[in-house]
Structure formats: structure tokens, C-alpha cells
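Chain lettering (A, B and C) follows the sequence in which the chains are written, and residue indices restart at 1 in each chain.
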Amino acid sequence: MSKPIDSGLRQIKTLLQKMGGLAMESIKLSIHAFNKQEDAHIQIEAWSNMILILSEEVEDKATELMALHQPMAKDLRTLKAYIKISYDIERFGRYALDISEIQRTIGRWEIRGAVFSIDELVSKVMRIVSLALSLVEEEDQSIIWELASVESEIDSLHLRGLKALIELKDADPKQLIAYALTIRYLERIADHACYIAESMTYAYTGKRITLR
Amino acid sequence: MRGSEMYHYRMRRLVDGLMRVLVWLALVVALIPLFSILGEVFSKGAPHLNMDVLISPMPTVGEQGGGIGNAIQGTLITIFLASIIGVPLGVLSGIFLSEYGEFKLSSAVRFFNDVLSGFPSIVIGIFSYTIIVTSIGFSVMAAAFALAIIMIPIITRTTEEALKIVPLTVREAALALGISRWKTLIYIVIRGAKRGIATGILLAIARVAGESAPILITMGYWRWWFSGLNKPVANLALNIYLFAVSPFDNWRNLAWLSALTLTAMILMINVVMRIFTKEKYI
Amino acid sequence: MMGHPYKFEVEKLDAYFGEKKVLNNINMKIRDKAVTAIIGPSGCGKTTLLRCLNRMHEIIPGARVHGKVLFNGVNIYDDEIDPVTIRRKIGMVFQKPNPFPMMSIYENVAIGLKLNGVRERKKLDSAVERALKMANLWDEVKNDLHRSGASLSGGQQQRLCIARALAVEPEAILMDEPCSALDPIATEKIESLIRNLAEEYAVIIVTHNMQQAARVSDFTAFLYLGELIEYGTTKELFENPKNPLTEKYITGRFG
């Protein structure tokens, strides 16, 4: 049976999907620009601000639904989750913007000596973000387990990356800082993807889980 | 509005107006006898009204003057005695029907009560005659007994209705306060229904005050003052019957005066009843 | 009262109207000094359950009860227990305000004590004042206590009924949809009154209105077709119900 609150919940979900799409694009573009040492911050800033506006819309709509429909049980948990998730997605955009601004802040760096790649970390992070967003779309227990394993891989990649940077001989200090910050930001993005999964799991099942 | 709609609208208005005129006419026609009776009784009875007639007993043949004092006394005594018997019995049966309705007996009681209230009063008079008059003779007791039997079904019915108006939730509230069932009944339910019960009693009194047939059968004519329960008393309604057809002027005047007094009594009872029921209770 | 953390303990309670079973094996413990709400769709037996707690169920012809209800640890359905005494100890407030007809405000509150043998005028006066104050009605009626109880507004009448129940100094208060006939402002007054009462009494309230249960109660029981489906803290039951039936009912998706 469909209830008046259902269409409101669907509207919020659509907003979150838009936000998620923009966030994915922002992350992709920021990494692409980072690797090529190009400046993409204007585009990413624009997207990030759009995400911010959408997240305010989510908050308004959620508050309105709470006031007018006084939701209970799953409806209530879902709304709570949506409000938290809109913040998590907003963080995706902000971290993408942070990555895009590294080069503007510390200047271009030279690549000397051994090659250091973040490609694997990036692909895992993109994976975990899309997993998290698909969990917002619909309930699927199997996603949670995949998500947990990707998260632990990201954690170890993050640690290994930092250690590798320390051992990088004759590197440009700017390069070291740039890479250290980027893998840090990527790891934070993965954390927020986990928060999203935790929130949605609570919304769907009422069980509180911790993925990290 | 289209033409046909206009036509129907006009027709409706016309029928509406006609109906209203008809209803008013019916009301006027119905009120004419009431007011003409009141007017007649008042115009014929009032001129002979004075203190003397109200306190002197009725005259014998050929005697001038005389009054209806003994008839007023007798009527009041008869009604009083009838009430002593009829009111408690009626009220208690009403309580039984309303509060102990779960017994199978009660629907039978209700049925016979309704039948009794439709009985011709003369039949009740004959019943009283066979029971009381045959053993102690024509007497105020026999008359009061007959009138009481007429009163009982009226009081029973109105008491039952009045008690039923008190909502079930009020009874439940009382029980939930830890008040026992009989205390709830006496102190709360009956209290809530007392106006309705009083109305029923007054209604019954008004009804029997004007009865003449059972009086005729149980007491007959008596022209003296009250002189014992085993003797008859005079009666206003009977006065009218006896005096109206008499050849003496003063007797006929007394008949009109009796009619006026009786009408005034019943009117007064009705007014008192109105005052009782005016304030609505929930 | 010592040694009984629960005011009521319902054990294996079945209730019937004639042959029809309306409550099936109810087991629940109700805490003192807290508000417990009973919710559920119409006809689920929630009012019956409430009325079993003060032996009001049995006054309906053909109604009967099996099982136990312990009140302060004593089974109120024991043979030697007088239901009249039990009802005195457990106050009840009904769906529609039902002040006693033809009685003043004062008499409405005092009658319970009067009919239970209290005659002293002073005692009655102070009991009436205390009860009306507890019911948050005193300030509104103190200047004309001898006005008819029926002349009050619906919300005031309901508070009068609460005062009437409090006057006989009960140990617990049962409320059967006390706000269903009231407007939102009167409802709010009764709700805050319920919260205040929970500081001294075990309050058990049956309600149709889930938001009301969520607002006023500490514990909530969900009844469906005469069975206790779920019982727990109000927060948990409304945010995170364990039973899918509860979930469906409280989100309004009852099929």
C-alpha cells in the first residue's frame, strides 16, 4: 500500500541520485586533472556548489516530511538516513574540490625517480562510492559485504601508499605532499561511502552496523 | 436558468408555499377547540368563583348556595392515596425494566405494561370494584386503587425511558470509581434521571385527576366531607357529570366551577412539568 | 508494594465476549510511575485489555476472563478479591467525557469519596481542591465550583473526569482514548497532564493516535487480533520495531 509520504521519500531519493552523479563526476575529474597536473577546480567547484544546493533541498524536504507526516519506523529511519547521506555526498564533492586545489595551493611538482601510481586506489574508491550509491537506490545485503571488503582493501592501499611515499628517493617534496594529501582524501571519501552504507542498512533493517 | 428549470423551480416554490399554508391551517383548526373549551369553562365558571364556594360542601336538593370544597378535598385525597400506591410501584418497575433488562421476564413485563396503559379506565374500575368494593364497599380506597393501576404503566414507561437516557458511560464511570452497583443506581443514575421521573409522575397525576369512569364505579356520589378511608369522598370530575345535567341553576354553576378548578389543576401540573423539564440535562 | 518493580503483571490472560475470544494469551509487565500506551487497529482488543486491568470487562453481560492480572503482586482475579475495591484503587478515564449528570463540579469530584463513606466537609473540600489541581483544572473552576459539571467545555469535562478519578486516591490510572473527542488544544492539555501524572502513578493509555502514544508514553504495546505483537520502549517500538506487523501498522501500510 502506498502512502502520501512515499512520493516525498522518492523525491528525496532522486535528489540524492543527482548529488551522487555529480560527486562521481567531480571525483573522476579531480583525479584526471591531478594526474595531468591540470587545473579543473573551477568546474569542480561549480559541481560541488550544486551538490551543496541539492543537499539543502534534501534537508528542507526531509524536515517538511517529518513535520507533516510524522513518520514512524522505516519511514523515520529512512528520512534520518537521507539527511545524513546528503552530508556524506556533500563531503565527496568537497574532497574532490580539495584534490583539485592541491596544485593551486602548492604549485606544480616535478616527477623524478621511481613512478608512484594511485590508479588502483582510485578505482577501488570509485567502486566503493558507486556501491554506496546503489545501496541508496535499493536494499541489497550482498552489496554490504562487497563494500566492507573494498573498504579494507582501500585502508591497506592507503597505508601502503603512505609507506611507499616515505621510501620514494629523490622525490620532489611538493610531489610527496600532493600524493600524500590525495590518497588521504581518497581514503576519507571511502569512509563516507561506508557511512552511507551504514545509514542505509539502519534504514532498511533497523540494525546498526559498523563497516570500518 | 433554462426554461424548464425555471418552471420546476416555480412549481417547487408554489408547492412549498401551499404546504406551509396547509400546515398553519391545520394548527389553527386544532387549536380552536382547545381555546374555545378553555374560554367556555373560564367564562361560565369564573363568575361563580369566590372563597365561599371553594370551602363549602355541595348543596342538597333545593338548598341554595353550596360549593365544591368537599370535592376538591376528595379529589386531592384520592390522588394522594393513588400516588402513594402507584408512584413507588411505577418507579420501581421502571428501574427494574431499565437496569435489570437482562432478565427474560422484563420483556414480558414491558409488554403487559404497554397493554395495561391502553386499557379502558372503566375496565380497571370494574377490576377494583370486584376486588375492593365487594369486600369493604364503595370507598376512597377502591378509587385510589383503580387510579393507581392507571398510573403505574405511565410512570413505569417514563421512568424506564428517563433512566435509559443516562448514558452507559456514566454508570461505568461510577463503577470504575469503586462505587457499588446499588449506590451507583440510587445516587448517580436516578439522580441523573430525576427530572424525567418527576415528569412521568406528574403526567400520571394529570391523567388520573380527570378520570371519572373508575370513580363512578368505585365510589359513586358522595356529598359530604372525607370521613374515613372505607367511605367514599366527593370528586370534581364526578361533580361535573352529576351537576351538569341537574335542573337547578346553582348546581349547574357548580358544575362549571368544578370544570374550571379541574382544568386549572391539570394546567398547573403541566406548567410545573414544563418547569421541571425546561433545563436540559445530559 | 516493596519487591514489586511492576505495578501490573498480566499473565496468560484470555478474555471473552460470550464464545468470542478477544484477547489471547497476553503476557506483559507494566511499570509504576511511567506511561504505557496500548495501540492497535480498531477491534484488536486494546480497550478490553485495559478493562481487564480493573475488572471492568466483566460488567458486560457474557464477558469473562481467564488468567491472572497481578496488581502490586496480588492477583485481582482471585476469588476472595472484591472487584469494587480493585476499581477504587485503579482509576479510569473514558473515551467521551462523562461527568455525572445533575451534579456540580464539586459534587462530581467529591461523590466518589462521599459514597465511600467520607463525610467530613473539610476533608472533602481539600480532596476536591487537590484533585482539581492535579488535573490542572483548579484555576479555571475555583470560582464557581457549584456550577454544573455539564456546563464545562469538552476538554474541561475530561479533566473533570480525571480529577474525579484522582479524588479517590487510586494507585494507577487507566485511560481509554481520553482525547478522541477533544480538539487539538484540549488534547495537548490532557497530554501534558498525562506526563505529570506519570510522576506519581502508573498510567496506562489506550490510543488510536500513534503520534499521541509516541509523545506521551514511555512504553508501548502493539496489539493485533487479540494478541500482544510487540511491547517495548516507545522510542524503540516507533523507530525500530522488531515485528513486521508492527512496522506495517505504525507506518500506515496495513494491508
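The definition used in the following text is that a contact is a pair of C-beta atoms (placed from the backbone, for glycine too) under 8 Å apart; a residue touches a chain by one contact, two chains touch by 3 or more.
On a predicted model such as this, the values are computed, not experimentally measured, just so you know.
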item	value
Touch-based graph of the chains, sorted into line, ring, star, complete or other	line
Label of the chain whose CA centroid is most distant from the centroid of chain A	B
Central subunit by CA centre of mass proxy	C
Centre distance in Å when chain A and chain B are each reduced to the mean of their C-alpha atoms	92
Centre-to-centre distance between chain C and chain A (centres being mean Cα positions), rounded to whole Å	51
Mean-CA-position distance for chain C and chain B (Å)	47
Sites on chain C touched by chain B in the complex	54, 56, 59, 61, 84-89, 91-92, 94-96, 98, 100-103, 111-112, 115-116, 150, 161, 164-165, 168
Contact set on chain C toward chain A in their complex	210-211, 214, 238-242, 246-247, 250-255
Touch list for chain B against partner chain C, complex	102, 166-167, 169-170, 172-180, 183, 187-188, 191-192, 194-195, 281-282
Partner chain C, residues of chain A touching it in the complex	1, 3, 70-77, 206
